[in-house]
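What follows is chain A paired twice: with chain B in the first complex and chain C in the second.
Right, the complex of A and B next:
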């Protein structure tokens, strides 16, 4: 008997149908993955399997069976019995999925208390056993922590533990690793692998084929509410039939050399472009050019309860014109502080930052201000970097005026700025709030370039985006850099992305640069064990 | 890069859903509120256009007539037409409400900007001053001002303005502190904009927009307070046709001639509701974008 057997599942909101007849079957010990972009209907499908498609949703199906029990028109009471006991749910962001005011031990205890008649002592033992099973170090201690006191990875483990509390035969994991660092992601995925080995069926939802390829036995590719391709994981990844699937595969940046396009134009006849990288100004002629941005033994600390935290510790970097320096590390490694130091938003405790050979960090703000347009920035969350009251046109015109003031050239026109990032001119009249994530990031890039900078600081510019959109943005950044000869400091936790984008890399851990050098040299033969670990954990397709 | 590539990106990017803009019909309530405020505006600028007779004309024979076709809101103890008096009082009441709110806002803005930009010591100082002002009930503070400066509509206005200032100051400070550390202000700094420009273009507009709704609420509140002061005989003095003063004068006859108090009261309530709804509608439009 299959754990899950659905046929012709349709979900509609009002008159708008978002899932058009999905069929799916999961057996014990099997992992089936649904892959697709945001808005493809994958999450709605997953939720419909728990009877929680959302307010105003109408769900119809020819067959909706969980453990052989038809649930097509089940009442809310029956659904409540199914949730937790028969089907566990793991969501993307444990921070919002766990009650911030309660210790995680209590959260994990909840399903036991609600569904099982167990004496408190037995429940307590079960909670600790679950925490141990998901690889939580020191379960006793962790059970008493609130979710906010744990790191992202530990939090996600706690959430998985609560989903597994009642030993459900089936677990639905909706983007379980999307918010996590690669190394944490690798650990969570192997944890899910162990659960599967123990006989639990897993429905894995993700936008990232690389994540899916590590775990899935079968893959369904969803687009616009329909399953457009399905099959054994090896077949789908190895010999995809649909152009869209190929685009998804092509979008994974890991192991794709610098200068290769990641996004596949959808209209074009599709072959994954394997064009050699364009000539990158590196190697022999690089040392002749003085660095545009230089960190010389920079240190920066912050006061924390109980002492001082060195966020950046004795960091030296050099960034030359036309070159990308990738900075990779986990969250909390000090990457963003490096970005803020480079942008002159915070001053170092010791050491200096030099811009084009001149003092930068040591200058008073009054003198620094006219130089600021030379360094542009792109942030992870583009939306919050725009004044909510301003239209795209006003945002760009404002930035362009800065460039005009600094260079003496006429300000670039808004239409041209939009055009170079691949947006139509009519976007100028809209507000960023009404744009998609990819469009917002394009506007952010256009703004950064409007002031005609020499250096571009990109702090996690794609980590909030789907892989396909990520691929487009990375391609765009790469092209613009080549055209303008920009120096780029590219910061990311995702080694695959950094490796694809950078000429040189620096690996950062706990505020220190543990390894640096030419990208391929560092990643092909990592000398530091931490770098080796990052390389091993990078999400790649493993068909 | 080739032009073809460029064009392809353009197609991809614009293929990401650009939903058509929706232009929503104004709600019925908003239309009513606009109509009411327009009526108030006419009554303020040219009351003689909308009143039915001289508001101060005394006709002893017509005293205490209940509402009728001849006297829509009835007549008072001297036979004056209540409707015409309500209209005549609009200018005074609105003037008091609006100026008191403006005084409160301006003072709040000064205090708020001082607190958020003046450094830690000033923030602390202003914070304590605001707390002390808060500790007094608003009306008590207003009474204090009147004791010092003597009763009258101008003093009443200033008094009400003063007593609303600490609320505004605290909100403005909170807004400014939040916005100052926002990413878009950081982005403006990175572009090299001066602090003055950032203050004028980002900080103040974003801090003041939410205050706008609050201020429309405040106008109603200020009218009520000014009416309360007039009711106590400390604001506008009879025979002035200010709404609060009318309420005060009519209270003696509450049991026998309720229309003397009901209609001025309704005007106060109506004005408060209408300005509030307008403020809400305006912010809604602002939020939805163009």
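Right, the complex of A and C next:
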């Protein structure tokens, strides 16, 4: 008997159907993955298997069986019995996937309290056992912590423990490793692998084929509410039939050399340069040019209870025109502080930052301001970097006029700015909230380029994007750099992305640069054990 | 730090009151000698001015008042000739009881209303919103009159004036609590709706938790956080509302004492009442701070950082 057997599942919100007849079967000890972009209907499908498709959702199916029990028209009471006991749900790690006001021990205890008549002492023992099982250090102590007091990886372990509390035969993991650092991601994936080995069926939902390829026995590719391709993981990854699947596979940046396009089919028009591109030698072709941005033994600390935390510790970097310097490291390693120092938003405690040979960090803000246009920045969360009341046109026009101030040259036109990031001119009239994630990041890039900077700081620019959109944005950045000779400081926790984008790379850990050099040299033969670990953990397709 | 802030607030309140009360037209000496209607002789007025130091420059009077306050002496009532501290001490209990009861009732009403009206479809939501808005907008004097008309004159359930019994407290407490409940419920509904959108609610439902369970164990707590922070302000607001309510229901209390003292230009009593209310404000701010930290562990962490 399969754990899960559904056929012809349809979910509609009002008159708008978002899942069009999905069929799916999972056996014990099997991991089936649904892959697709945001909006493909994969999460709604997963929630529908718990009777939780959402407020106002209508779910119909020819067959919806969990452990042989038909749940097609089950009442809320029956669903409640299924949830937690028969099927566990693991959400994406977020500070709020566990109630931030309650200790995680209570959250893990909930399924036991709801479904089982167990004495409190036995429940307590079970909670500690679960925490130990998911690899939580010091379960006794951890049980009393709240989600905000734990790191992302430990939070995700707690969330997994709460889903496993009653050993449900089936676990649904909805983007379980998204937003986690690569090494944490690798550990969470191997934990899920152990659970599967113990006989639990897993439905894995992800946009990331590299993640899926580590765990899944079978893969379903979803697009616009339909399963367009389905098969054994090896077949789907090794010999995909559908062009869309091929695009998804091509979009995984790991092990793809610098300069190769990741996006197969561009949905946005390719920008046509109005003048022949000035060919600027990139990367190692131009080693003799003086650095545009230089960090010389920079240190920056913050006060924490019980002392001072050195977020950046004796960091020296050089960034040359037309070159990309990748900065890779886990959250908390000091990457973003480096970005803030480079942007002159915070001053170093010791050492200097030089912009084009001139003092940058030690200058009073009044002198620094006219130089600011030379450095642009894009961030992970493009949306919150915009004024939500401003239209895209106003955002860009404002950036362009501020950037042109005092330079004597005309401000670039909004249409040209949009055009060079592959957006049509009509986007100018829209507001950021009404754009997709990829479009927002394109607007953010256009805004950063409006002042015609020499240096672009990219702080996790694609971490919040689907892998196919990520590929388009990475291609766009690469193209823009070639055309304009931009120097880019590319910060990411994703080694695959950094490797694909960078000429040189610096690996950061606890505020220090533990290894740096040419990208291929560093990653092909890492000298520092930490780099070696990062390389081993990087998500790659393993068909 | 906290103590310094509290002292600063008390000083600022004393100073503002001292100067503000001088802006009311009329002669304090006249007030001391029985109010504007009295036929006090010029000699008597001069005598009183000397006795009370009213002939000295304003700034000297101000410093003298501060010096008295520092030693804990609130002065003597002009009208009643009794120490202000004794006068207020006897009134504080009744007013605080009224305010605290009103706050509790407001909380219960607000929780009930916001819980009932959220997650129950559009109609319930709209009804809840309408009731909250109407309640929050009700002026005390009007509400009191309506409540008396219905429950006292009409139904005869409760007495129209305070009798010192529990029944006599019902209408005054309701008058104070209903507008506050409307206000608190608006805040709670917002944060309830917000909490219900959070992923941890999905997690909880996926464990098999019932709707009631989710409310009890998760969302109520989140919804209470802003309302807890507002409660300190609310108690102060209730004390000022008590002026109106105590007058309407003829209850003895700080509010009525304040009103009388202002009419009689009884400066020491006015200053005393204002300082006392300010003190309650300061204490309540500390209490709500502590309560917020108890309810929201995230605040404790931020404090430590």
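What we mean here is this: the second predicted complex is superposed on the first by the 519 of 543 C-alpha atoms of A that agree within 3 Å, B and C clash if a C-alpha of one lies under 4 Å from a C-alpha of the other, contacts with A are read in each partner's own complex, and residues count from 1 in each chain.
Rule of thumb we're sticking to: contacts are C-beta pairs under 8 Å (C-beta built on N, C-alpha and C of every residue); 3 or more make two chains touch, one makes a residue touch a chain.
This is a predicted model, so every value here is computed, not measured.
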{"item": "Touching partner for A:300 - first (chain B), second (chain C), both, neither", "value": "neither"}
{"item": "Which of chain B and chain C A:98 touches, first, second, both or neither", "value": "second"}
{"item": "Chain B versus chain C as contact partner of A:146, first or second or both or neither", "value": "second"}
{"item": "Partner, of chain C and chain B, that touches more residues belonging to chain A", "value": "B"}
{"item": "Partner chain(s) touched by A:52 [first = chain B, second = chain C, both, neither]", "value": "second"}
{"item": "First (chain B), second (chain C), both or neither touched by A:391", "value": "first"}
{"item": "Which of chain B and chain C A:83 touches, first, second, both or neither", "value": "second"}
{"item": "Touching partner for A:540 - first (chain B), second (chain C), both, neither", "value": "neither"}
{"item": "Partner chain in contact with A:451 - chain B first, chain C second, else both or neither", "value": "first"}
{"item": "Chain C-touching residues of chain A, taken from the complex the two chains share", "value": "47, 50, 52, 80-85, 87-89, 91-92, 94, 96-102, 107, 110-111, 114-115, 146, 148-149, 159, 162-163, 165, 304-305"}
{"item": "Of all residues in chain C, those that touch chain A in their complex", "value": "198-200, 202-210, 213, 217-218, 221-222, 295-298, 301, 304-305"}
{"item": "Residues of chain A that touch chain B when the two form their complex", "value": "39, 261, 263, 265-268, 343, 345, 369-373, 375-377, 379, 381, 384-389, 391, 398-399, 402, 406, 419, 421-424, 426-427, 429-431, 433-434, 436, 438-439, 442, 447, 451, 469, 472, 475-476, 479, 482-483"}
{"item": "For the chain B and chain A complex, residues of the former touching the latter", "value": "1, 5-6, 8-19, 21, 182-184, 186-194, 201-202, 205-206, 209, 286, 289-290"}
